[in-house]
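Have a look at these structures, which come just after this line.
You will see two complexes here that share chain A, one where it goes with chain B and one where it goes with chain C.
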Partner chain A sequence: MRKIIVFLLIGLCSVGFPTTLYLIFYKAPLQDVLYFNQKIFYYHVPSAFMMFVAIFACGIGSVLYLWKRNPRYDFWAQTGAELAVLFGAIVLMTGSIWGKAAWDVWWQWDARLTSSLLVWVIMVAYVFVRHYGGIGADRLSAGLAIFGMIDVPLIYVSVNIWRTIHPQTSVVPQLEGMMKVTFWISVLLFCAFFSLLFALTMAQRKAMAQMDVIRESALDLGVIE
Partner chain B sequence: MNKLFNNRVRHVLELIAKDLRIEFRHREVLYTMVFFSVVVVLVFSFAFVREGHAIDNVAVGILWIAILFSGTIGISRTFDRERQYGTMRALLLSPALRSAIFISKMVSITLFMLLTQIVVIPLIAFLFDVPLLNHLGYLLLVIFLGILGIATVGTVFAAMMLFSPSREVLLPVVLYPVLIPLFIGATKATDTLLRNPLDIPVLYFWLKFLCVFNIVFLLIAVWSFEELVLE
Partner chain C sequence: MLMMMRIMSVFFVITILFPNLVIAQTANAKTTYISPMRQQCMDEMKKDKLWLANIKARVQSDLSYEWQNNNVIEAAKNNRHVIGSYGVIWVLVVIFVLFLFRRHIRMMSELKKLKIQFDTIEKKLADTT
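Now for the complex of A and B:
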C-alpha cells in the first residue's frame, strides 16, 4: 500500500512540475503591476505553506515524543524540521527575487520576512543540534522545537511593530481566472511533493533505525566486530 | 500541603545559597563575565566609533549584546562547574525536585548577570555619552526582565546539553534564535528610555511584552525541565 502511494506521488510530481510550469508561463495572464516577475509567486506561496506544515509537523512530533517517548514521533519531528529547512530556503530565495522586482532590494527588514527568517533559523538550529548534539540530542532538539513553537507568536508580535511592506494575505483571494487555477494547482503539486519527501525520509529513518537494531544484535552475537 | 511547599522553598533557597557560596569563594564566573562584557563593549566601540564619535543609537544594541554574550558565558560556566566536579549527578539524585534545581540555577544565573551590569551600564553610559541612567527605575526593570528571560531559556538549554560533547558551540546556536523576540523587546524598551520626552505607551507595550515572554517561558521551562533533563 505504502509503495503504491509513493509511486503515485512520484507520478504526480513528475507530471505536475512540467504541467505547472506550462500553466505558469503559457496560460496564466501577466499581472498588471509586476508583469513577468509575478510568476515566482506560484512557487513562492506554496513553498511557504509547506514550510508551515513542516514546522507544524516538527512541533507536534516533538511534543508527542517527549510525552509518549515513541521514536516514531521523533522521526516525524526530525523529518518535519529537515523539510522546513528545505522549503524555508526555497521561500527565502524566491522571496528575495520577488523583493528585488517589487521593492528593488533583495532583502527588507519587513515583519513577515523577518519572522519567516527567524523561524527558519530556529529550524536550522534544530537540524544542527540533531547532527552534532551527541547523546541526548533527541530530547534536546525536542525541547528546542517546543521552545521554538512557543516563540512563533512572540516573534510575530515583536517583529510586527516594524512597518510591513509584504503583500497582505489578501493577494490569494484576489486572484482571478487562470491565475487562480494555476495557483491552486501549484499548491496541490507542492502538497504532493511534500508528502513524497516526507514519506521517503520517514522510510529512510525507519530503515536506518532497523539497521542499528540489527547491528546491535549482531554485535551481541559476535557475528560482526 | 503547606509543609510540602515550605520544603520546596527551602530546597530552592539552599541550592541558591550553595551556588552563591561557591561563586563567592572563587568569584570566577562573576569576574569572567564582567571582564568579558568590558571586552565586548570595547570591541564594539572600536567597530562603531568614527572620528571620535559613536554612530547614533548604537549604545543600546551594544549593551544588550554585552548582556547576552556574557550571560551565555556565565550560564555555560555555571553548569560546567557542576559537570567538572560531577556534582550535577548528585544534584539530580538528591531529594530536591527537578523544578527546584531549575529555579535555583535560574535565580543564581540571574543574580550573576545583574551584578555584572553594575559595571557594564555605567561603562556604556560613560563611553558613549548616553543618558542611560536618567530613568533608573525603568532601566532596572527592563534589565531585570531581559536578564530573567535569558537566564530562563539559557538554564533549560544548558542543563539539557550538559553531557553533550559540543555544548559550548551548541548553546549559543540554540539559545540566540529563541531569544530574538526578547532581544527585540529589550532593546526597544531600553531605546525609549533614552528619548526625551519619555514615550510611556511604547515603553509599556514593550514592558508588557517582556513580561509575557518571561511568564510563558518560565511556565514552559518549569514544566519541561523534568522531561528534558533526565539522566
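Now for the complex of A and C:
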C-alpha cells in the first residue's frame, strides 16, 4: 500500500511539474505591477507553505517525543526538520532574487524576512545538533524545534502587524482567474512533492534505525565485532 | 537636506512601482504613527523655495509617461530573475535528492557489511556443529 502511494506521488509530481510550468509561463496572465517577475510567486509561496508544514511536523513530533518518548515521533521531527531546511532555503533564495527584481535589494531586514531567516537558522541548528550533538541531542533538538514552531504564526502575521516592505497576507485571497487556478495547482503539486520527500526520508530514517538496533544487539551478544 | 531629498525620492519611486503596497502602508502608518518631522519638512520647504522647486521637478519627471513606460518595458522584458529563481529551486532539490541518495548508498553498504559478518558467523557455527 505504501509503495503504491509513493509511486502515485512520483507520477503526480512527474506530471505536475511540467503542467504547472506550462500554466505559469503560458496561461497565467502578467501581473500589472511586477509583470514577468511575479512568476516567481507561483513556486515561492507554496514553498513557504511547505516550510510551515515541515516546521509544524518537526515541532509536533518533538512535543510528542518529549511526552511519550516514542522514537517514531522523533523520526517525524527529524524528517520535518530536514524538509524545513530544504523548503526554507528555497523560500529565502527565491525571495531574495525576487526582492532584487522588485525592490532592487537582495535583502531587507524587515519583520517577515528576518523572522523567516530566524526560523530557518533554528531548523539548521536542529539538524546540526542531531548530527553532532551526541547523547541527549534528541531532547535538546526537540526544544529547539518547539521554539521554531512558535515562530511560524509570528512569521505569518508579521506583515500585518509591522510596517514592512513585503506584501501582506491579502495577496493570495485577491488572486483571480488563471492566476488563482495556477497558484492553487502549484500548492497541490508542492503538497504532493512534500509528501513524497517526507515518505522517502521517513522510510530511510526508519530503516537506518532498525539497522542500528540489529547492529547493537549483535554487538551486545558478541556475534559481531 | 540631501538625505531628506533622497528619502523622498525613494518614496516616490516605491509609490510608482508598488502603488497598492504604499496605499496599504500609508493606511497602516496613519493608524500607528505620525512623524513629527512632517511639519519640520513643510516649514523648511516653505523657507527654501529652491529645494521645493527641485523636489517638484523631480517628482514631475519621475511621474512622466516616458519614465513609467521605460520602467514597464524593463519589468516586462526582465526574465533573468525568474530564470534565476527557478534554477535555484531545481538546484536545491537536486542537492537534497543527492543527499538522500548518498545516505541510501551508505546505508546499503553498511547493510552489506553486516550481512557478510552474519554469514561468516553462520558458517563458523555450521562448521563447529
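Following the convention adopted for this analysis, the second predicted complex is superposed on the first by the 204 of 225 C-alpha atoms of A that agree within 3 Å, B and C clash if a C-alpha of one lies under 4 Å from a C-alpha of the other, contacts with A are read in each partner's own complex, and residues count from 1 in each chain.
Heads up, the rule we're going with is that a residue touches a chain if its C-beta (ideal position, glycine included) is under 8 Å from a C-beta of that chain, and two chains touch if they have at least 3 such contacts.
These numbers were taken from a predicted model, which means no experiment stands behind them.
Novice: First (chain B), second (chain C), both or neither: which does A:Leu86 touch?
Specialist: second
Novice: For A:Leu64, using the defined touch cut-off, is the partner it touches chain B, chain C, both, or neither? Pick first, second, both or neither.
Specialist: After superposing on A, A:Leu64 lies clear of both chain B and chain C.
Novice: Given the touch rule stated above, what does A:Ile214 touch, chain B (first), chain C (second), both, or neither?
Specialist: second
Novice: Which partner does A:Leu197 contact after superposing on A: first (chain B), second (chain C), both, neither?
Specialist: In the superposed model, A:Leu197 contacts chain C only, not chain B.
Novice: Hey, is it chain B or chain C that touches more of chain A?
Specialist: The larger set of chain A residues in touch belongs to C.
Novice: Could you say whether A:Lys100 touches chain B, chain C, both of them, or neither, answering first, second, both or neither?
Specialist: second
Novice: Which partner chains sit in contact with A:Ile40 here, chain B, chain C, both or neither? Use first/second/both/neither.
Specialist: Touch status of A:Ile40: second partner only.
Novice: Let me test your reading of the model: by the given contact rule, A:Val6 touches which partner, first (chain B), second (chain C), both or neither?
Specialist: neither
Novice: Would you pull the chain A residues touching chain C in the complex into a rising list?
Specialist: Spelled out, the residues of chain A in touch with chain C are 30, 33-37, 39-40, 43-44, 47, 86, 89-90, 93-94, 97-98, 100-102, 163, 165, 167-168, 197, 200-201, 204, 207-208, 211, 214-215, 218, 223-225.
Novice: How about chain C: which of its residues touch chain A in the complex?
Specialist: Residue list for chain C touching chain A: 17-21, 24-25, 28-29, 32, 72, 75-79, 81-82, 84-86, 88-89, 92-93, 96, 100, 103-104, 107, 110-111, 114, 117-118, 121.
Novice: Under the definition above, what is the set of chain A residues touching chain B in their complex?
Specialist: 66, 118, 121-122, 125, 128-129, 132-137, 139-140, 142-144, 146-148, 150-151, 154-155, 157-159, 161
Novice: Can you check the complex and tell me which residues of chain B touch chain A?
Specialist: 153, 156-157, 160-161, 163-166, 169-170, 173-174, 177-178, 180-182, 184-185, 188, 209, 212-213, 216-217, 220, 224, 227-228, 230
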